[in-house]
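Two complexes, one shared chain (chain A), two partners (chain B, chain C).
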Partner chain A sequence: MRKFKLITTQDHFLVLVEVQNENQEITCIDVDTGLRGLYPTEAAGFIAEGSATVFLKFGSGDWNKINEVAAPCMTFFSGAAELGSVSTSSSYRAIGIHPKTQSILDQWKPFLGLTDDQITTMLDPTMRESFVEIYSYTMVREMDPDTFEDLTTTSLVLDSEIVYL
Partner chain B sequence: MAEIKLAYDPKSMVIANVLHAGDKIDYAWTIDEMYQIVIIKGSVVFGGSSYDALAIKDVQPNTNLVVTASTDASFLTLLRSDNESVVNQILPPDASVPSYYDFIKDYRPDWYDNGFPDVPPDCIEGSSGNLTLTSQDLKTMVMEGWTL
Partner chain C sequence: MADIKLAKDDHSFYIINMLDIGEQIQYDWALSRSYSVIISSGIVSIGTDVTTPATRTAIGLYRVPLGEKLICTSTQQAVFLTPFILDDAIMEELFPIASTLSQLRGSSSYLMPFALDDGTLKFGQQLVYDTTPGNISLSLASLETKTLGALGL
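Right, the complex of A and B next:
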């Protein structure tokens, strides 16, 4: 099970990911395109608990496993490759840190499923000295930690249906 | 010893602070604006009060940040590198670098051109002990850039 929280602070917005099982997908998915964590702007990240594998994909290519990481761990992202990540520990917590500006929020809007009203709330000067949870939701998406194959949608094929050429 | 890592880009500067139980981190600098810390793991004592993750606390202007870990703990310090006044207070100009603000603003690691980060995550291993974080410590990390 994966829990997302989006929090706005004085100068930053924070994306908190908590996972309570192994093999759970960690990354955000663009709600319009279905693409995963393209990181439209630079972002610092910190893994506070647990461990994970990290994958990259370019265009329509395959997912390539590039790192195995374990907390505590500082990281940094920027780029056009799709980035995926899967928990490999039963408990995982990481946080992405982004400067809070209109342009950055606009670029992250589809990945975080933000509404215009939420962005307005986050940029409201009266919220400047507040710790405001914009939303929180929980979902389950089980992934293979070695291949990044989506295990929740994998369908079984009976042996009798396999044709050997 | 308690450890810190610094991440920055032209807009943001984040200090990751990793402590074992009993460790203390003491920032040897202050700024005249409020900033915030995020306790993301464990329990810490800050300003005479105890806080458990997940918590966000304000650091008041001109206040030395001193945090003691009650358990193994991590917290993040959130600063803006596009605030020239803040950067100059934390990283005052010196003979070798006339403006750390300009350095950060213009810094582009080689891997920016690759289309994806080739900087591996920097996993932290540290032993117990206290740490005083000076401006010079941060200047050293800024100048090292993202060469983790």
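Right, the complex of A and C next:
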């Protein structure tokens, strides 16, 4: 299970990801395009706890396993490829850190599914001294940590295998 | 021993603070605006020279009020981050020597070695706790020295 939370601080907005078991997808999927981690600006992240495998995919190519990472470590990603990641530890936490500016938020708006009202709240100077949770959600998506194959999908029974009486 | 690492990208400067059990990091400086601390792992007692410490568990947040000096003590191994916007005027308080700040802002360095760098994706080396007991008081002078060292200057 993955918990995802978006919080603003004084000068940054944070994307917090907490995973509570192995083989869970860590990366976020753009709800409009279905693409993973094709970030609009350079993204900085801190892997705070646990370990994960990391994959990259260029264009319509295959997912390539790039690295295995363990906390604590800092990471930087610029969006020339799709990024995928799967937890390999029973507990995993990571923090994405981004500047809280109009131009950055405008670029991230579709990727994070932000509304104009949420962006207004995030940039409201009277809220600067508060930590504001913009939204949070929980999801489950099990992935193969060696191939990035979607194990949730492959566990479904195909229509052709169903016998109708 | 408590340890400080630095990182930077094209928009932010990060102080990465590492504490073994029972260790303390103090910032021997105060800023004219509040700033955020992100407790990314472990449990800490965090406050300032003015504000009574409070317990924060990862992932937790703490706001350092303006004019106050951060004091953070761990009750288990902990890492906390203090990010700053590179172009923000507050950086001039962190780096009073203009040439140092100019070099920092103008550099393409990330201030850290990478375990992997393929151009698209960069992973810093896994950070290792220094288990020799000891606390740190981080002055602006030592922050500048560390930064210049990380820049290779």
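Just so we're on the same page, the second predicted complex is superposed on the first by the 154 of 165 C-alpha atoms of A that agree within 3 Å, B and C clash if a C-alpha of one lies under 4 Å from a C-alpha of the other, contacts with A are read in each partner's own complex, and residues count from 1 in each chain.
The rule we apply is simple: a contact is a pair of C-beta atoms (placed from the backbone, for glycine too) under 8 Å apart; a residue touches a chain by one contact, two chains touch by 3 or more.
Fair warning: this is a prediction, and the values are worked out from it, not measured in the lab.
Undergrad: Which holds for A:Asp117: it touches chain B only (first), chain C only (second), both, or neither?
TA: After superposing on A, A:Asp117 lies clear of both chain B and chain C.
Undergrad: Touching A:Arg93, do we find chain B (first), chain C (second), both, or neither?
TA: Both partners.
Undergrad: Please indicate which partner A:Asn67 is in contact with in the superposed arrangement: first for chain B, second for chain C, both, or neither.
TA: A:Asn67 sits against chain B and chain C alike.
Undergrad: Just chain B (first), just chain C (second), both, or neither: which does A:Phe77 touch?
TA: Both: A:Phe77 reaches chain B and chain C.
Undergrad: Give one of first, second, both or neither to describe whether A:Phe46 is in contact with chain B, with chain C, with both, or with none.
TA: A:Phe46: touches chain B and chain C.
Undergrad: Which positions of chain A sit in both the chain B and the chain C interface?
TA: 7, 9-12, 14, 16, 42, 44, 46, 48-49, 54, 56, 67, 69-81, 83, 93, 95, 97-99, 104, 129, 131
Undergrad: Please output the residues of chain A touching chain B within their complex, sorted ascending.
TA: 7, 9-12, 14, 16, 42, 44-49, 54, 56, 58, 67, 69-81, 83, 93, 95, 97-99, 101, 104, 129, 131
Undergrad: Looking at the complex, which residues from chain A come into contact with chain C?
TA: Touch list, chain A to chain C: 7, 9-12, 14, 16, 18, 41-42, 44, 46, 48-49, 54, 56, 66-67, 69-81, 83, 93, 95, 97-99, 104, 128-129, 131.
Undergrad: Would you mind writing out the residues of chain B in touch with chain A in their complex?
TA: That would be residues 5, 7-9, 11-12, 14, 16, 18, 34-36, 38, 40-41, 53-54, 56, 58, 74, 76, 78-80, 82, 112, 114-117, 119-124, 146, 148 of chain B.
Undergrad: In the complex, go through chain C and note every residue touching chain A.
TA: Residues of chain C touching chain A: 7, 9-12, 14, 16, 18, 33-36, 38, 40-41, 58-59, 61, 63, 79, 81, 83-85, 88, 110, 112, 115-116, 118-127.
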